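Here chain A shows up in two complexes: once beside chain B, once beside chain C.
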Partner chain A sequence: MQKLGDFKLPQFFNYPPYFTLQPVRDTREKQIQLWKELILDFCKSQKVFLIGVEEDFPLFSNSAIDRTLSHEARETFLSAIVGEGRAEWLDKGRRKCLILWHRIQDWADIILKFVRENGLEDSVMTVEEIRSGTESLGTELEGIDRTILMRALKLLENKGKLALFKGTSADDEGVKFSV
Partner chain B sequence: MASESRIESDGLFNAAEVTTSGRPVLRRNEVECFLLSSVDLDSEDDPPRFASLRSGNLILTTHRLIWIPSSQPNASLPSSLPLSSITHIFSHKKSIKSMFHSPRIRFQVDSVVVVTVVFRGKGDFDGFLAKLWECWRGRAWEEDEKSESEASSGSGGGTVAQGLYGNDGTVRMVGLAGILRKEQEQWESTDKSLQDAFQDLNALMSKAKEMVSLAEKMRQKLLSAPSSQNGGGDDEEMGSKEEMQQWMLSVGIISPVTKESAGALYHQELSRQLADFVRIPLEQAGGMISLTDMYYHFNRARGTELISPDDLWQACNLWEKFDVPVMLRKFDSGVKVIQNKSHSDEEVMSRIRTLVTKTETLRTGVTASDAALTLKIAPAMAKEHLLSAETKGLLCRDMSPDGLRFYFNLFPEIDPTDLHLVKDFGTYGEWVKATSLLSV
Partner chain C sequence: MRRRPGIGGLQKAAAARDQYRLLGENVAKLRTDMMKEQLATFKSQLEEFARKHKNDIRKNPAFRAQFHEMCAKVGVDPLASNKGFWAELLGIGDFYYELGNIDTGIGVQIIEVCMQTRSLNGGLISLQELCSHLRQRRKKDREAVTEDDCLRAISKLKVLGSGFEVITIGKKKLVRSVPTELNKDHNQILELAQGQGFVTVEEVQRRLSWTSGRVIDALETLLEEGLAMIDNGSKDGKCQYWFPCVSSVYSFVGSDI
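Up next is the complex of A and B:
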């Protein structure tokens, strides 16, 4: 079976009907479920946070069998993920989709765990440091999408676990943990 | 074909054979002329014998009067009375009394029994009487006897005349030349009758009967030919022979039900005749045929007595009321077909299943025309079957620039909690094997 980078594709990726939106309800439901799982698996392993419906997302076509998902099919599968709370449309036109293989709540828990493991309970960090600092190297937080990170931090701020403040440079913000 | 076995003839009436849908089985050269409903047969001479012959359909043919009980369970069996046994038809007396009771006809059979035909329902009573006179005077049965005796004496004469000269003094051709000559003569006479037939429509009508029997004869000849000739026979010849046979088969209805002959019962009788007729085309089409195709076949067989699409539609709808072996079916897509009642969807589904689970088709899927070839049905019908198999979850589709293909539905077998799991047993596993064979 072919691979996408280091991601191993399942056998059914070469099954031509997998790329045609099935009209029969039961079959379609199963098909949607399989797409949902595959997209989330792929995004998690490849750290993909954003899928553009019109863009060349690697899963949306299979050159081995010469099949490509239609626009309708892409939107259907992504909407199904959105419906489960595992993704969000970023625009009304449904062209960009934010993939949350961890929900915002789960991301917040990961940040808390990260803070405790690194003894940062009362420290100050910039938001950018959380994404790309030495402490986050090799953790799930490495390279996290900025939109998602900010939402997780805001959630923690509301719970009183930290305080966000404007940093020295205009484009960066600071975080004061108080776990 | 005939559902009623021959019951004993009681001297006056014979048991009449009817088809499973309740149409009379006509004999050679017999043509149906008129039909009236709600008819009682009665006689002052022998009342008990007629007691059961109440409220049935009376059919007049060139040879017989056939009385068939109407659809409700009836103790009486279909009976027929040869017109040849009628010795006198009493003229219709107009009297004050006759104005008050149902119209009736009286005729004498075998110079003994006087039978009264009483019409309880509506219908063209005078028309029937006129036709009865016409058929009775026409003596169609005598012509049959004549031709039969001619045929037998003809062949008899041939064996008697020995030597080089025939009975009529002409030189008898012998050997190969004789056969060729005879063949030539036959062709000439056939050619002549064909020419006569097409001269004008009236001539065609009068030749219709002959044409049908000619067609039947040619068909028989075609059927027997391949075995007598060199066994090989090139494909093209065989193909054209088959085509020819098809044409011959479709010439067939000698006595079509018409509005004139059946009157108010037109659609009912048409429905019955159609039920009898569809059997052969239906068999050839694999148990299911579209209404449009049937319309073509039926009208072709009816010759000049064409029916409208609406008549066909109504006739098919009436099948529900009769006990006939065929039914009308409407697919979800709106396609209407005629199918055998015995033609079960399960059987078709299992054949489709066998088709799509072969190693090759598991990998490539099937198109409607692939299925049509395997199931030996029309592509449009095959597509309907594939679509209903899809609806049942047996198949799923693949839309690509190459068109619509159907695959065995593997989705139910795939485990969504473990996308890479392929069980050793099951069709998913077989599909993986079939596709990996290719990629290696």
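Up next is the complex of A and C:
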């Protein structure tokens, strides 16, 4: 089976017509379904949080069969993921797409779990430490996209689980947990 | 003087005809009796044979196919009754049906595979691919499923009126599980597609000497029915029409299984 890094590609990825947006509705719906799943699975496995529609995202082309997804196809598949609440367009021009292979609520839960498991219930941390500190190594939080992390933290702040505060610089943005 | 047949002559002729008729009937009866006896002997020998070679029939697909051929010649259908002598003796009725044990019957699994792949191939799947799917599902079987087994199971499915049909296009047998009727034009395109897995309008026009209108009509229908997919990505700019049913969804260039 063909692989991208250590990610196993599904068989449809090697079938040329799947790289052309299908005109027949039922066929197109099946096509969109397959691409949605592929994109989400890949992003989760490779920890990809952002996709630039005009960039060389590995799934957009398959050199083995010499095919590339058109701009329209890329937008269609990503919009379908947005429609399901598993992604967001970051700009009106629909050029950058934030991928939520975990929803914001899921990330919030992961953060709470992280706090409890590390005994951080009343402590203070920088935002940066949450995504790159020693406790996060090997966890899902390692390397999490900053935008997504901030959104999840704000969600928790609204629920009174923590308080966000600014430090002396952007890097010092901190969190006081009251879980 | 020519003698005309007299009453006596007529009566004699009638009697002779009767006798011939009786003789004829007797001969026929004799022949029938002989045949019946021969058949009975043959049948009991077949039963004996089946008993002796039960394991070989179960385990060896080639042997099994020949056994079925033999049975067919004699007019014995080992699959006709799930409860009959044959089914009990060989347990092969179960192999094909197992409707009681719904997971394992080949017929039921064929229906499942066809339903699951329908959205990918429009309801037309090559016998080869179908078989390979079944083998995957039945990995624990001692006896590997063969294309013959599939064909037999499908013929039983047909009897149940499930809309299954096996069609031959070019060198391939395809199993159709949807009511889509394919006409000759469609079949010819499918056959052409077996070469590279796809066709172009120009190629069909050239090879079959059709007008472009005729080609496009047929291709449009095949697209609408979900049997074909278009591909605009070829470097030469020509639109390619691919047919999942002739190139197995699992055997594309670049993938190694």
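Observations, loosely collected:
Note that the second predicted complex is superposed on the first by the 177 of 179 C-alpha atoms of A that agree within 3 Å, B and C clash if a C-alpha of one lies under 4 Å from a C-alpha of the other, contacts with A are read in each partner's own complex, and residues count from 1 in each chain.
Basically, contacts are C-beta pairs under 8 Å (C-beta built on N, C-alpha and C of every residue); 3 or more make two chains touch, one makes a residue touch a chain.
Just so we're clear, the structure is a prediction, and the values are computed from it rather than from any experiment.
With chain A as the common reference for superposition, the partners chain B and chain C occupy clashing space. When the two structures are aligned on the shared chain, A:Glu37 is found in touch with chain B, with no touch to chain C.
Within the superposed three-chain model, A:Asp26 lies in touch with chain B and with chain C [touch as defined at top]. Judged by the touch definition given at the top, the superposed model places A:Asn62 against chain C, while chain B stays out of reach.
Once the two complexes are laid over each other on the shared chain, residue contacts for A:Lys8 go to chain B alone; chain C is not touched.
Applying the stated contact rule after C-alpha superposition, one finds that A:Thr139 touches neither chain B nor chain C. In the superposition on chain A, A:Pro17 contacts both chain B and chain C.
Within the three-chain overlay, chain C meets chain B in a clash at only one of the listed stretches 21-29, 39-47 or 219-227, and that stretch is 219-227. Shared contact residues of chain A, touching chain B in one structure and chain C in the other: 11-12, 14-17, 19-20, 22-24, 26-27, 30, 64, 66-67. Residue ranges on chain C touching chain A, taken from their complex, read 119-120, 198, 223-224, 226, 229-235, 240, 242, 244, 247, 249-250, 252-257. Note for the complex: chain A touches chain C at residues 1-2, 11-12, 14-20, 22-24, 26-27, 30, 62, 64-68.
Note for the complex: chain A touches chain B at residues 8, 10-12, 14-17, 19-20, 22-24, 26-27, 30-31, 33-34, 37-38, 41, 64, 66-67. Chain contact summary for the complex, chain B toward chain A: residues 365, 390-391, 393, 396-400, 405, 407, 409-412, 414, 416-417, 419-420, 422, 428, 431-432, 435, 439.
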